[in-house]
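Below is one structure, written out as C-alpha cells; comments come after it.
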Amino acid sequence: MIEAESALEKLRSISKTSAFNQWLGLEVTAASEGRAELQLAWRREFGQYSGFLHAGIVGALIDTACGFAAATITVEVLAAHNSVNFFRPAVATRFIAQGKILKLGKRQIFCSAELYGDSVADKRLLASGEVILMTGS
Amino acid sequence: MIEAESALEKLRSISKTSAFNQWLGLEVTAASEGRAELQLAWRREFGQYSGFLHAGIVGALIDTACGFAAATITVEVLAAHNSVNFFRPAVATRFIAQGKILKLGKRQIFCSAELYGDSVADKRLLASGEVILMTGS
Amino acid sequence: MIEAESALEKLRSISKTSAFNQWLGLEVTAASEGRAELQLAWRREFGQYSGFLHAGIVGALIDTACGFAAATITVEVLAAHNSVNFFRPAVATRFIAQGKILKLGKRQIFCSAELYGDSVADKRLLASGEVILMTGS
Amino acid sequence: MIEAESALEKLRSISKTSAFNQWLGLEVTAASEGRAELQLAWRREFGQYSGFLHAGIVGALIDTACGFAAATITVEVLAAHNSVNFFRPAVATRFIAQGKILKLGKRQIFCSAELYGDSVADKRLLASGEVILMTGS
C-alpha cells in the first residue's frame, strides 16, 4: 500500500536524523497510520552489568516506537513522560518494538509500545511502556 | 570518609562491568549510603532528531542513578518499572544525574533521580524519574 | 462456564469485604482467568470540581479492575504502583472498567485496565492504566 | 501572611465545589505558592478488603494535593496522567498529603505529592506520586 510505504519512508528519514538511532543501528521495519515497528540487532555494547539489554536501550526502543507511531500522523512531537515495565531480562539476538497511538489529542498524544525478543512467533513480551508526547503547536 | 569512598569504589567497579555504561563514558562522581551521582559528557551520537539528548539516554541516566543508589546498600537488583518526566529539551555539555532511595523494602526498592545540565549551581532540572527495583532474594 | 462463574463469585465475595467498594456500589460484571470487568453507576458525589468523575474514582476503578484480574488467579495481592492516563473528561451515566494480567510473575503481577463510558458499543476510552501488584509470598 | 491566607481560601473554595471531596471530608490545611497540604480523617468506608486505606483514596489524595498545588498559581487544570507508589499499607487515624509543583510549563504542570500517616513528626511516608496537569489554555 502506498500509504504504509510513505509512512515507512517518512520514519526512515526521521531516524536518519537521530545520531543515537544511527549508532544503535535501529531499523524501521513497518509503519501504518498510528503504528510503527522497529528492530534492533543485539550488540555487546548494549549490555548492562549482567549482559542483558540495558534498561536505557529498552527505554529508547519503547520511546522511539511510540514517537514514530505518532510521527506517522503528526509533525514534530516531544516526549513529556514515559514509563516502562520490565517483564523479564531482555536477552535476544534481535529486538522488535511495536508502537501505537492510544489517544490522539490536539495537544497531547498518548502512545504505548511492546518489546519482543527474536521469536516473533511466540511473542514473548520482554517489556511494555507508554509515552505521552506533546504536539508542536 | 571511608564509607563514601568504598561506596564510590563499589559503584565504579559495577559500572565497568556494563558495556553500555562504558560506551557512554558514564562517570560515577559521588556515592553515599542510598545515594549516587553520575556524570556524562555530551557527545554528538547521543542526539535525537533535534540534537537534544535522546530520551533513551535520559532514561539510562535516571535508571542507572537509581540502580546505583540502591547498589550502595544491596547486592543484585533488577529494574521492574521506571518512569521519566521530561521537563525541557536536554541540552548541555555535561549531564549530572543524582539518585536516591525513597523506600527500602525487603523485596522492592523505590528510588528517584533528577537530571541536571552543566551548571550545578543554578540546578536547572532537565528531567526527573522513578525506578522500582526488585531485590535478588 | 463453571470456571468463569466461580471467578465471578470469588471476586464478588472479595468486593463485599471492601467498605469503599460497597460505598461506591461497584458491581463485578464479568470474570475469567486473568480478566475482570467492573461497572459503576454515576452518582453526584463522585464528581470533581467540574462535575466529571473524580480522578480518585477513575484510579479506584483502574486499580480494582487490575487487582480483581489478578485475584482470579492468585490469593492476596497488594498494589505497589499504579499509573493512570486520563484521555478525556470522564462523563457518563455508567462506567465500565476492564482489567487483565499483562505478566504473571512469581513475586510481581503486571496488570492493565481500560475505562469506558456507557456506550460499550462505541468503546470510547476515557482512561487507561497499569498496576504492579506484589504477591503475598 | 496574606498571600498564604488567600491561597488557602482559594483552595478551600475550590474544594467545596467537588462533591467527592465533600463526601471524603477533605480539609485543606496549608497552602503557599506552588504548594498545598490536605488532611483526611480515617472512616471505615474508606477501607479496601484488608481494612487499609483504599488505593483509590490514596490516589485521590495524591491527585488532589498536586492539583491544589498547581491551583495556587494557575486557574483551570485537568489531570492528564498520574502515578502512585505504595510504600506500605496505609493505616492511620489521619492522613496528610503534601503536594508541590516540580515544573511549571505553559501547557503542562508537573507536580509531586507525598502521603503520611498521623505522626507528622516521624514522617513515615505511606505513598508518593506524581501528576501531569494540562493548563486550560
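Per-chain numbering from 1; labels A, B, C and D assigned in written order.
Note that in this section a residue touches a chain if its C-beta (ideal position, glycine included) is under 8 Å from a C-beta of that chain, and two chains touch if they have at least 3 such contacts.
Computed from a predicted model, the values in this text were never measured in an experiment.
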If I average the CA coordinates per chain, which chain comes out farthest from chain A?
D
Check: interface with higher C-beta contact count, B-C vs C-D, is C-D
Inter-chain centre distance, chain C versus chain D - centres from mean C-alpha coordinates, in Å:
22
Starting from the mean Cα coordinates of chain B and chain C, work out the distance between those two points in Å.
34
Per-residue overlap in chain C, given as positions that touch at least 2 other chains:
80-81, 83, 85, 132
Can you list the chain C residues touching chain B in their complex?
80-81, 83, 107-108, 132, 134
Parts of chain D lying in touch with chain C, wherever the complex brings them together:
14-15, 17-23, 44-49, 51, 54-57, 59-61, 63-64, 67, 78-86, 89
Chain A contact footprint on chain C (complex, rising order)
83, 85, 87-88, 102-103, 105, 110, 125, 128, 130, 132
